[in-house]
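I have a structure I would like to understand better, so I am pasting it below and will then ask my questions one at a time.
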Amino acid sequence: MPESEILNQAFELGYTYTRSTGPVVGRFLTGLRDQQIVGIRASDGRVVVPPMEYDPDTAEALSEFVDVSDEGEVVSWAWVKHPREAHPSSQPFAWAMIRLDGADVPMVHWVRAKDESDIRCGSRVRARWADETVGFITDIAGFELVGE
Amino acid sequence: MANLAAVVGIGQTKYTTKRGDVSIAGLVREAAQNALDDAGLNWNDIDAVILGKAPDMFEGVIMPEIYLTDALGCNGKPMLRVHTAGSVGGSTAIVAASHIQSGTFRRVLTVAFEKQSESNAMWALSSPQPFSTHLNAGAGGYFAPIIREYIRRSNAPRDVGIKVAVKDRLHGARNPLAHLQRPDITMKEVEESFMLWDPIRFLESCPSSDGACAMVIACEELAEQGPKAPAWIRGVAMRSEPTMYAGREEVSPQAGKDCAADVYKQAGISDPRKDLDCAEVYVPFSWYEPMWLENLGFAPEGEGWKLTMDGATSLDEGGDIPWNPSGGVLSSNPIGASGMIRFAEAARQVRGDAGDHQVEGARLALGHAYGGGAQFFAMWVVGAEKA
Amino acid sequence: MKQIAIVAFHQSRAVADAGACNEVEMIMPVLSEVYQQVGINNAQDVDFVCSGSCDYLQGAAFAFVAGVDALGAVPPIKESHVEMDAAWAVYESILKIRMGHADSALIYGFGKSSPGELPIVLSQQLDPYYLAPQWVDTISLAALQARLMLEQGKLTERDMAEVVSRSRRNALNNPNAQLAGDISAEDVLADEMYLSPLRKADCCPVSDGASAMIICTVEKAQQWGVPFALITGIDHRIETHNLGMRDLTDSVSTRLAAEGAGVADGSVDVAELYAPFSHQEIILARALGLDEGTSVNPSGGVLAGNLMMASGLSRIGEVFQRIVSGEAQRGVAHATSGPCLQHNLVTVVEKA
Amino acid sequence: MSDQREPITGIDVPISLKYNFTAGAGPARFLSQVRKGVLTGQRCPRCEQVYIPPRGSCAACGVPTEEEVVLADKATVQSFTIVSIPIPTNPIEPPYIIANLVADGANISFIHLMSDCVNEEVRIGQRVQAVWKPEEEWDYAMDNIRYFTPIDEPDVPADKIGKLPVSGWGA
């Protein structure tokens, strides 16, 4: 069998999906547009942010919305020294699990920090709102460290 | 011997172009909740969840069972995701049934869905790969030449496809969940509709729908305790063959014939037209009714179209073997769910629970799904009696 | 419950880039190996075939359909597919055998992950409203999990480095491994952080490859007259998708699956765990209740080569091989799916 | 920040993933020949059927196809469709004919465009030949053949389609 040449070609799988949100996700995103963060109360009383549509433990549909703060505490973090093209920041940054004040369950978002040594578990952070908020998760243009 | 299993709950969403009021989870959940309600059960009663849908690219969510865990009450339970192209709704039901028939579980939930409005199926199916001819003309472009060959061989009159298109839409008008509601459709209207992929006209093609379908399947003991009549699973079969191979019979694929023979044998069917009371068969382009009538042994080769033209498959014409009383894929097509809808509608018939599209006295029904280049087949036979 | 025998297993070498080799070309050599092991010709000689793969690895819808071209599926065969790791295809196949619709099954999994940016591709399996649009990659999520472990004192960086060191050393005996070497925990710790608190060596590599297995009833195994091992337990569980509502330092679903599979019913000589990150091996070993007596990932595990969609199947295969070779009497294989070990499958394999 | 805007019910989510596609070994050998203006099929060592475009295996037997067979650029129409709708990612103006064509010497059809023909006269069994792009435009792609066009040869009976030798059909 003759040897095969290796034929390479780059291609992009690119498409814009048009998602309908339903009432729960829609409520959260509407809040973001108004620079408000809203959570939802789970069956055990915990406040979950972003709001889940269905309770993980009881499977019940959830509906009791709770306003929470746009400020909170870092529960865990990971330092991205070399951001990937798809990442929200081209500068080094931290992914973090952030428990917002008024919420019980941390959410995953990103934190702006100059250096890895600036952040730790327990750091206080506050949402930095995008210049124009449109009702999308990236309306929070990352969280900023709050001086203690 | 497989353990007995039965469908004890069926739930569907209303099928429509775009369910703009729900998230993906909300759509799937609605069908699942309806199935639980139909079975008189709650989430704690379910041992495992089996999820099916067509390619992840339709919604752009990879392995969606991961995100859908909470919507399907599956935290701490087994969750299996099936994908066998267009036949997936049927295969998923069969895999779900195997959870019971193997004696491993007592009651499982199975769900299949597609939220096609989130993308465009044509796009996902036509995304160009490097080094390939960019001539992919969608599913219609693939199946039209096969239909042309069927017409050549069978000498079927040109209006057979038109008749099926009208018949299934009239059936769909009896089914409030059907996407297309066209009680006023006429042969003339279908004939004058735009020719998309000659010989397939616009009105001879399925719509693009959002929707989900769910079933609860239970073991013998629990099925007998349910509030409504169970649909006993009397046979299950799947067959696959490659998309392209030299000498492949594309008009009446061997995989379909073998699959039918297998499921009939299990259900004790020797003459499907006589022994079955109705069938829900995956017909996304109208000409596939006569083609599948032959492939599934309801008519001799080359004569399927005669049954169609005689009204044998029509509820409205009092046919002896109604096909797609729910309106079929021609009336609703959330791709990943379409196969499961066929299976579920067959079950509704033998439960005597099909509303205005009930086939009177239906005791034994076929559910059928196919996918890929008409190469993946899944079928089941359900009955009002255990055996 | 009907006993299930494993009679054949083969895995291709895990390579960083399979080059000019499409799905079919990747699968065929692996299948022909397992056919040879039991002395059959092709998929016609088993009763059922089930595969596992993921369209998004190479970016083409219906990628699995090409897999059928490797089977010799003329005349047509009984066949199915899970868009999951092929370990779940084993699960589906066992149900088919238990219900009496098959006496034997061929299972294969394949993945060509090199064409895309895998950690970013996999970000799109997260919820499509809150997480996927942020493009949180899988390595970053695992790093958040590792940090929680470190902060809570549930492990140290040295513990993680020791997992890596053992993996690399074990892999020296595994001809299919992509990464192998005689490196110590100190060597690992001397490396800089990659995605803190993870070093590059804490993360599995991106690999291309396939694996295949044949399972059957005991009667069929005896008829084939080949050495076999028994699957005496198998269970899988998923848990909530909300990372914030899970205790990420534990794997509750693995515990449940281990209980269902009966892991604790006997001693475990060998365990092959699908831990794409070093700290996850520690979480899993604890959740499975393994102790000092268990040889963990003697193949090197997926830190030495990770065939997406086939690694879980390969774990079962690795345990099978150690049992039929007489190296072990009883072993546990684990497969995972989803971010931070969301979905876990546990299989117990024993000497026949 | 309270305002009277409608609540959010839908979002646009762009997803873009980049891949570096590599052709398989069988397809790569085929494409290397197409680049030189030659159509090659690959023969199954078991059933001896000739595949084009080869995808690496005989799908029926599940074995690699290795032996290469040079085929004619004449073919027979196995079936076709006249497409009247534009296809996403496809620049061709409708209506156009996409045909399943079997090259002489091959045992399986591939799809390609037909042109320079009267659409209404295209039929199963019709004989066609490739119209190639100018040689300087040839690349690793089947669209080196611009389209196939009817030629003056008698139709092939349906039962002979897919079974012609590479020497073709008696003119």
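Per-chain numbering from 1; labels A, B, C and D assigned in written order.
In the analysis below, a contact is a pair of C-beta atoms (placed from the backbone, for glycine too) under 8 Å apart; a residue touches a chain by one contact, two chains touch by 3 or more.
The structure presented is a predicted model; accordingly, all values stated were derived computationally and were not measured.
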Labels of chains that are neighbours to subunit A and to subunit D: B, C
Separation of mean Cα positions, subunit D and subunit B [Å, integer]: 30
Distance between chain centroids, defined by C-alpha means - subunit C, subunit D (Å): 38
Interchain centroid distance [CA atoms averaged], subunit A/subunit B, Å: 38
Euclidean distance of C-alpha centroids - subunit A vs subunit C, Å: 30
Of all residues in subunit A, the ones touching two or more other chains: 4-7, 9-11, 13, 15, 17-21, 25, 29, 52, 56, 136
Residue numbers of subunit C (touch at least two other chains): 19-20, 56, 59, 68-69, 71, 73-74, 117, 120-121, 124, 128-129, 132-133, 239-240, 242
Sequence positions of subunit D contacting 2 or more other chains: 9-11, 13, 15, 17-23, 25-28, 31, 59-60, 140
Chain contact graph, described as a line, ring, star, complete graph or other shape: complete
Sites on subunit C touched by subunit A in the complex: 19-20, 59, 117, 119-120, 123, 128-131, 133-137, 140-141, 143-148, 151, 193-198, 239-240, 242-245, 248
Subunit A - residues contacting subunit C, complex: 4-7, 11, 13, 17, 19, 21, 25, 28-29, 42, 46, 48, 50, 52, 56, 75-81, 84, 86-88, 95-97, 99, 105-110, 116, 121, 136-138
Residue ranges of subunit D touching subunit B (in the complex, touch as defined): 9-10, 13, 15, 21, 23, 27, 31, 44, 47, 49-51, 58-60, 78-85, 87-90, 98-100, 107-108, 110-113, 124, 140-143, 158, 162
Subunit D-touching residues of subunit B, taken from the complex the two chains share: 20-21, 60, 120, 122-123, 126-138, 140-141, 144-146, 148-149, 152-153, 194-200, 242-248
Subunit A residues within the subunit B interface of the complex: 7, 9-11, 13, 15, 17-25, 52-59, 61
